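Labels for the chains are A, B and C, by order of writing; each one numbers its residues from 1.
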């Protein structure tokens, strides 16, 4: 049975944003985040929103998917808004009042400002993972971390770790699914009882899953050694993303624009 | 050549040796089949040939390099490619070409050459065109061939494969066996570990292991023709061989045959 | 009383761009005490068929009925997946085998466990308290099969039950399955029917999700095993030798499935040494 495991969030289409080097995108995301926190007026927010909207349109990622990340932070958004806008028995004039609870105009404005900031942050940063394949992402991370090797940070090993994790997530997911089906066929129920009973019901899945994972890890270690893996030293790479002039140009101009927005607005 | 000189190996904590006093020569441009029941030492032999395990006594020489020489262990491993039983557990890359490149990347092969090594290896196993495919979306046969390509990209002189056809259907099996024949013709020394004596019959030389010791080393016909030795080793004779032997016993003249076609051709001319 | 599939079909991810039709138009009937083989190459829909027949998947089209019930009754159909020994989780073999009958609320779990272990040739006294992770290949495979037999299914479905085993392992598993057939209907899915052909009451050949043959072994071989060719499979050598001989004019009334018997059959057709 072949279930296409749609991995992570990557949307595999061709666009100028997709073809931008991962490191340039990471740089832009950092600049964007900084700008977002420097902005202190509604005009700045509008500018930042325009930047995000333009990037999404350019990336050809459907809006539905681009905005999906917001779902995860809905609770945070509501709490933020409530914390700023709601007042208990205020002395001042309120917009709406229900019993002792009141909505304060200035607070509401402030709350909305923070909500928009969070939304833009989520949508803007998720565009990185939506338009960059996991492989390119780990590669980019490795390059960015490489200077840290001088302070004995195992950048290449960390990148290898991430690659292997990415490689085995779908395999492990398939295996977990197989185990759940097999144990269901033996009468296991995963939906009955309280939380503890339910957690216990997963033992027949988790135990073999881990046993098999360790077995797999053993094999993988042997295979890697047989293929002469000895850490990052002296290793070349088939794909080593290099910043082309275009990537530098986009990164520099983008950062400049974002800095201007952040400082002036 | 890979030369085993009176090699013995016991896993830590094991009661008996996994390989006992094994002497063997693996030549280039030849196909050696290794047969034996589960637990007879076949996989241990593979790891010894690659220097992943080092003998307790005796020595293994790969083109004159002692596998116990830690200074040169990477020389040994780059000369001997190893393909383990379960391809799923040895694919490192997140896409096909990344995985094939993994070995040569570790050897520090320059990028331009990496490209050609990857495309050459994929061409040998017939996976050209699937460079960007994710491994978990490949069929079992394709995964097995990817694992072989990963070893080939290191341009090894020898290739050791641990039951590469065990989980494959007929088509996958034929594909993999074809790849092995091609490698031998290209001058590689191929060691094919298998449960299937029909596959072993295709080899130049067959080694039968029994509890870590050599039970037979020689031409495949000598082993396959010895029904009692086969039974003792827990091996199943290829059925065509059994039929031919039975017919000979009943007084028919039957030449050496290995396929159903050859048998029937010989009997109904 | 039988496990019956009618016009069974299934499509994965219906409506999605990667929707793939795994199975269409399968009719199958498994009586108690029968052995039915489902053969096909990788991706032919065999595993999907098993999941549908066991009630783990809801049929997209058609129906699966057990003993005239509307759907698959919990506990009536047991399924053994490929490499089931990778599913052990308990500390002892008997605890692992007991998992199914306990879940079904059996009142005689211990009897069910020891019966099942005996049926697959594992002496409960010898193996019951061992860790399932220390068993050999053939033992582990049989213990896993016992785990399903202990639920006393009326129908037992298995996916490639002998794959990856050596000769001894294969022999004991085959013996266990023939034993199981005395009490249940056994359906097994494989790309290498080998020795099972000798015992099969019915064979279903699948090619790319479609049935290309359904009937008994004699009928399968009537046409020189043509359905196997269509499905990209090869008949076991023993049978193929006889099929080839017959196509050359040899008179073969009954096919033998064992190499020694096949030699006798061929000798008979040749009419004595020349």
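Here is the rule we go by: a residue touches a chain if its C-beta (ideal position, glycine included) is under 8 Å from a C-beta of that chain, and two chains touch if they have at least 3 such contacts.
Owing to the predicted nature of the structure, the values given are computational and were not obtained by experimental measurement.
Visitor: Of the pairs A-C and A-B, which shows more C-beta pairs in contact?
Guide: Spelling it out, more C-beta pairs touch across A-B than across the other pair.
Visitor: What's the farthest chain from subunit B if centres are computed as the mean of the Cα atoms?
Guide: Centre of mass proxy via C-alpha means gives A as farthest from subunit B.
Visitor: Can you compute the centre-to-centre distance for subunit B and subunit C, using the mean CA position of each chain? Integer Å is fine.
Guide: 30
Visitor: Cα centroid separation between subunit A and subunit B, in whole Å?
Guide: The separation of the two C-alpha centroids amounts to 44 Å.
Visitor: At which residue positions does subunit A touch at least two other chains?
Guide: Those would be 2, 4.
Visitor: Please output the residue numbers of subunit C that touch at least 2 other chains, ranges allowed.
Guide: 43 - these are the residues of subunit C that touch more than one other chain.
Visitor: Flag every residue of subunit A that touches subunit B in the complex, lowest number first.
Guide: 2, 4-5, 7, 134-135, 163-164, 166-167, 170-171, 174, 215-216, 219-220, 222-230, 234-240
Visitor: Which residues of subunit B touch subunit A once you look at their complex with the stated criterion?
Guide: 47, 50, 52, 74, 77-78, 81-82, 84, 86, 88-95, 97-98, 101-111, 114-115, 118, 134-137, 150-151, 154
Visitor: Give the list of subunit C residues in touch with subunit B in this complex.
Guide: Against subunit B, the touching part of subunit C is residues 41-43, 136-137, 163-169, 191-192, 232-234, 236-238, 240-241, 244-245, 248-250, 259-260, 262-264, 266-267, 270, 272-274.
Visitor: Show which residues of subunit B lie in contact with subunit C when the two form their complex.
Guide: 37-39, 139-141, 166-172, 195, 198, 234-240, 242-243, 245-247, 250-253, 259-261, 263-264, 267-268
Visitor: Within the complex, which stretch of subunit A touches subunit C?
Guide: Interface residues on the subunit A side: 1-4, 178-179, 181-189, 203-208, 211-212.
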